[in-house]
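Naming follows writing order (A, B, C, D and E), and every chain is counted from residue 1.
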C-alpha cells in the first residue's frame, strides 16, 4: 500500500516538525537559563506601565467589538470549508456547481452586507 | 326518513340563536326567550311521542348519516373505522326525552329567580338541554359521549356563575368528578370501538352478545363493565363517589338543581342500563350481588345522613343519594320487576326532585335561606306551597298512589325474589326515608310560625304552573303506571332477553 | 504503525462526548457550557469521519456530513455567544446559576 | 452534473420553499436599507404575502404526484405536503399575531423578526420534506438557530436574554445528542439517505451491532424530543416560553413542535421500521414500552407542574409539554392510523393553541401582566374574547364538539387499536386530561367567575381579532365535522409514497 | 530521495531521518532569519540613505544579528509577578511551533520537500492559525494593559485578514483542482497563476503582509500607542522567539506565495537549464524584498482603517475573485 505509506509518512514528518518546533524553544531557553544572569528585584517583577506605578487590574473587559469580529471570523472561516472542496472538485462538477456556489456566495455576501449595514464592521 | 328527532335534538339551538342576538339588558324578554326556547323541544318531543309506536320493538325515528371515517388501509378498499351520526329512540329514551323536555320548561320557569346575566344563563341552559336531549337520543357511543360531555360545560358555568356562596368549589368538583367519569367512559368506548369496529348500540350488543370473538374475552368484558360502572357510578352517584353531587345540590341555583337532580343523575342510570346491562348482561349478573350491596349502602347511607341535616337542600341531596340506591337495587335484581322498578324510579325521582327543588327555589327567594329552622310554620303564610311540599314529600317517601311507591315497590319486589337478605336490609331504608322526609317537611310547614313570614306571598301564577304540572305528573304515574310501563315494555323485553340468553 | 481500529475512534468520541455533556450540564460559566457543546459536536465529527473511513461503506459521505456539522456548530456558537453578550450586558454575569429570574 | 441536469431538474417542486426563501431575502434587504426611524410593520405584510404565495404553490402541488430532488434529499411526497400545510398555516397566523405585537423599545428589530420567522419556517419545511439525514439536520438547525435568535429578540429584556440563552444551551446539547445518534446510524449503515438506511438495517448483518443500534435509536430519539418539548428534554420550555416575545412562544409551541413531530415520524419510521431489535422482535416493537414511559412521563410532568403555574405563558408551556405527550402516543403505538391522527391532532392543536395565544397576547397587552389574574373579569371586558378563549381551552382540554376532542379521540384509537392495546398509556392520557381540567378551567374561572380591577372594554386589534375568530371557528368546525379534515387528508395525501423512494421528476 | 522515503513503510528509521532533515531545515531557516533581519535593516537603511549595520562581523555587519541573538541569550529573563506564569512561558512556544510546522508542507523544488500532504494548503492555513492563540495568550498572560490590548488587536487583525487570505486562494485551487502544493506548482507549468488570478494575488499579498504583522499593518506593535504590543513584558530569549516567529512566518509566507502564484520552482520559459531550486530562491527573494520595500515606503494604517479595509475591501474583492477565476478558467483552461 504505497499511498498509505505516503499518508503515514507525511504525518510522521508533521510530527517531527512539531517536535522540532517545540524542542528549539525548550532547548534554547534551557541553554539561556544556564548562561544568563538571574538577579530578581522587586522592581523587575512589576508590570510595565511606561514607568509609572501600575494601577487597576489589567485583566479587564474587552470592547465588545472584538467578539463581533471573532464571530464574523468564525462564520466566514467556516464557510470557506465549503468553498475549498467545491473549488477542488470544480472540474467534475461543471457549471451547475458554479451556479450553486454563486447562490452560496451571494448568501455570504448578504451576510457581509448585513454586518456592514448594522455597523458591525466599524472599528470604534 | 324524517328528521324529526334531529330537529328535536337541535331545537334548543333556535333559542340560543335568538338569545345571542338579543340585548343583554332586557331581563323580561330574555327570560321569555329562554322559556320559549325550552318550549320548542317540548312541543317536538310531544310530537315524537305521539308518532312513536309503542308496540313495536327496536329503535324508532332512527336517522343515520356519515360523519367521519378513518381508513385503516391507505390502499383504499381496506377496512375503515366509520363513525356515523346515528340517532333514534326506544321506549325508555323517549320517556326520558319527554322528561327532559318537561323539566327543562319547568326549570326555565323556575329560573325567574335568577338575578344577573340572563342572556348567558339561558344560553348555557339551552346548551345543557341540547346535551341532555342528545344523550338520550343518540344511538352511537361517540355521539353519546359528545352529548354527555356537552352537559358538563354548561353545568360548570351555571353552577360556577349563578350558584350560591361556595359555587366555584362546587363547580370545580362537579367538573373534576365528572371529568374522571367521562375519561373512563371514553377509554371504554374507544376500546369497544377498536375491538368491534362499530359504535352503534344495536350492533355492539349483537357483537358482544355473540361470544365468538376471542379478542372480546372475559377479562376484557368484565374490566370494561367495571370501568363503566365506575364512570356512571360517579354520575349516579354511588356512595363513595357522591361528594361532588352534594356540593352541586347545595350550591347550584335551584332551577339548575331541578335539571341536575331531575335528569343529569338519570343519565348515569340510563348509561348503566343501556350499556352495562345491554352490552354485558352475563357479566352484570355476576356482579349483581355487589351492585345490590352498593345499592343498599347508598340507600341507607343517604337516608341516615338525610335525617341529621338541618339544611333542606342537603336533606334533599342525601335523599337523592338514597333514591339512586333504589335504582341500583332494582338493576341488581335483574328480573322484570326489579328493572322496571329501577326505570320507574328514574322517572319518578326525576319528577319529584324537580318539584322539591323548585319549591326550594321559591322558598329561598322568600326567605333567603334554606335552613329548616328559618322555615318553621310556613303553612300559615304560604299554604299552597306548604301543601305541595307535603305532597311532594309524601311522593318521595313512597306513598301509595304516587309515583314513588310504584318504583320502590317494584324494585324491592324484584330484589326479594333473588336476594331476600339484602333486600330485607334495604327495606329498612324505606322506613328511614319516611323519617327524614316527614321530619323535614313537617318542620317546614308546621311548628311555630315566624313573624318574618307574615309578609310572604304564596305561589304566584308563574310559580304554580311548574308545581302543579309536576305534582300532576307524579300523581298520574302513581295512579296510572300502565301508561309508562307500556312504552317501556319492549325495551325491558329486549333487556331481559339478553339477561336470559 | 498499523492502522488503528475503528473502535478506538469510537471510544475516543464517546469519551469526548461524555466530557462535553458533563461539562455542559455541570459547569457554571456560560462560556464553558458553550465550549462543552462544541466538544460534543466535535465528538460527533470524530465519529462521522471515523465511520467514513472504516465504517460499513467507506466513502466521502461521512466527511461531508461532518462539514455540515462543523458549520452548524460554528453558527450555533456564534448565536450562543451573541445571546450571551446581550445577556451579559443586562445581567453582568455569565454564571449559569444566576440565570433564574423566571424561577422567582 | 452539468447545466443540462440543472435545467432538467424539476425545481418547481421546491416552489413553496423558494417563495419563503425569496421573501426572507427581500425582507432582509429591505430592512437593511430602510431608514432607521421608519416603521417595519409593512414588512410584516410582505412576509404574510410571501407565506400566501408559498401556500398557493403548495396548493397547486396537491395534484402533483410525488417527486424528489437529489436522491430524496428533497422530497415532495404526501407526508411533506400534509405537514407543510400545517407549518405554513401556523406561521401565517403567527405572523398576523406578530404584526400586532407591541415590542416597545425593541421596535427597530421587528424587521429582523419577520425574516427570522420565515427562515425558521424554511427550516421546518425542510424538516418535513427531506429524506436524508444531512438535509434533515440542516433543516432542524435552520429552525433552531432562527428560533434562538427570535427568543432573544427583546434584547434589552433580561427575561428574553435568559430565555434565549437557555434555549441555545439546551438546544445545543440536544442537537449534539441527536447528531451523536445519527452518526451511529450513519456508521452502522454507511448511508445518510433514510431509505437506504432503512434498507441497510433490514440486512441481517446488522444484528452483530444490535446494541449499538438500540443505543443509536434512543440517543437520537432523546435528542429529537427536544424540539417537541417532551420529557426528558422539556425543561427548557417554561423558561423559554415565558421569556420569549409572545408570537415566538406561539411559534415554538406550534410550528416548531409540528416540525419536530414531522422529523420524528420521518426519521424513525423510515430508518427503523424494519430494524431488528435485540433478539428477535423488531426494534420499533421492542422499544415501545420505553417510549410509552417517555410519553407518559411527558403527560404527567406537563400536566402536574402546570397546576402550580400562575404565569399564563408558563402555564401554556407546561400545557404544550403535556400536549406533546399526547401526540407522542400514536408514535408509541405505531398503529395503522398513525399519520392521520397525528396530523389531525397537530392541525387541531395549531388552531386551538394559536388562538389561545392570540387571546393571551390581547389580554396580557391590555392588563400588562402575565399573571393568570390578568384574565379576571375578561367576560365583562370583552365577552367574545372570553368565549373564544373558552373554546380554545375546551379544545385543549379535549371537551367534545371541539377539534381537540376529535384529535384526542383519534389518539385514543391509536393507543387502543393495537393488539395488545396500550391501556395504561391511555389511562395516563385520560388522567392527564382530567388533571389538566384544573388549570384549564381555572382560566375559565378567572374569565367568567371573577371580576378584575380593570373594567374597561379591551381595545381589539384587527389582526388579532381575525386570528382569534378564525381559530375559534376552525376549532369548532373541526370539532363538529372532523370528517371534513380527514376526508381532505385521505383525498389529497396518499401516504403510500411515504415509504417509497421517489425518482427525480 | 524524499519521494522514495515517503513511499516506503514508515518506521523509527524514517523518523530519525526526517528528524535530521528537519533539523537541517531548521538551521537553514534560522540562517535565513539571521540574514533576513540584516537584509531588512540594510535595505531600509539603503532606502533611507544610511548605511545600516556595518560594524559587527566584518564589512557589512554580517554578524550583527548573530551578536544580537547572543545578547538576547545572555539577557536576564524577567517574568512579572502578576503574570499568569504557565501561560506566560507557554505562549512563545505556542507561537513558534506552528510557524515551523507549516514549513513541513511547502515544496521547495520538485525533489526538495518534506511531506507531500494532499491537503497541503489547508494544512498551512489551519496550522498557521494556531499562532494567533499563542499571541493572544502572551497578551493575556502578561497581565499588562499594553500587552493585553496588543494581543487583542493582533488577534483581531490576524483573524480579519485570514478571511480574505483564505478566500483569495480559491482561485488557485480552482485552476489546479488540488490542495496539494506540489500539484499546484505542477499546474503552473505553462503559466503562473499570478497572471490568471491577479486579483487573487493582490488580495493574497496584502493579506499576507497583514498576517505577518508587518508595516503598514503592524498595529499590534505600534510603539507609539502600545509600546511593544503583546510582548511588552517579554525579555531575553522569550522575546526572541516572538521575533523568530515573525521571521519564520515571513519565510513561510514568502514560500507559499511563491508556490501558489509564482510557479514555485518552475522556470521562466527558455531558462529551464537553471535548476528549480534557484528559481524558487529567486522568486522567494523577490517576495521578501517586496515586503521589506513596502515596509520602507508605506506609512502605518489607522486601527479602524485596518479592520475596515479587510472586511469592506479585501473580502468583497476576494469573493469576487472566485467568480472571476471561474470565468477565467472557463475561458482559458477549457
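In this text, a contact is a pair of C-beta atoms (placed from the backbone, for glycine too) under 8 Å apart; a residue touches a chain by one contact, two chains touch by 3 or more.
No experiment lies behind these values; they were computed from the predicted model shown.
Think of each touching pair as a link: the shortest run of links from chain B to chain C has 2 of them. Each step here moves to a touching chain, and the least such steps from chain A to chain B number 2. At the far end from chain E, in terms of centres built from Cα atoms, lies B. Chain D has the C-alpha centroid lying closest to the overall centroid of all protein C-alpha atoms shown. Highest inter-chain contact count (C-beta pairs) belongs to A-E.
The centroid of the Cα atoms in chain A and the matching centroid in chain C are 20 Å apart. Distance between chain centres (mean CA atoms), chain D to chain E: 52 Å.
Chain centres here are Cα averages; for chain B and chain E they lie 94 Å apart. Note on chain placement: the centre of chain B and the centre of chain D lie 43 Å apart, centres being C-alpha means. Among the residues of chain C, those touching two or more other chains are numbered 1, 64, 75, 82. Multi-chain contact residues of chain B (touching two or more other chains): none found. Among the residues of chain A, those touching two or more other chains are numbered 8, 70, 77.
Residues 133-134, 137-138, 141, 144-145, 148-149, 152, 155-159, 161-166, 168-169, 171-173, 175-177, 179-180, 182-184, 186-192, 200, 238-239, 242-243, 314 of chain D are the ones touching chain C in the complex. Contacts from chain C toward chain A in the complex involve residues 1, 3, 64, 67, 70-71, 74-75, 77-78, 81-82, 85.
Those residues of chain D that touch chain A in the complex are listed here as 1-3, 5-6, 25, 28-29, 32-33.
Residue ranges on chain A touching chain E, taken from their complex, read 2, 5-6, 8-22, 24-26, 28-29, 31-33, 35-40, 44-50, 54, 58-60, 62, 65-66, 69-70, 72-73, 76-77, 80, 83-84, 87-91, 98, 101-102, 105, 108-109, 112, 115-116, 121-124. Against chain C, in their complex, chain A makes its touches with residues 4, 8, 64, 67, 70-71, 74-75, 77-79, 81-82, 85.
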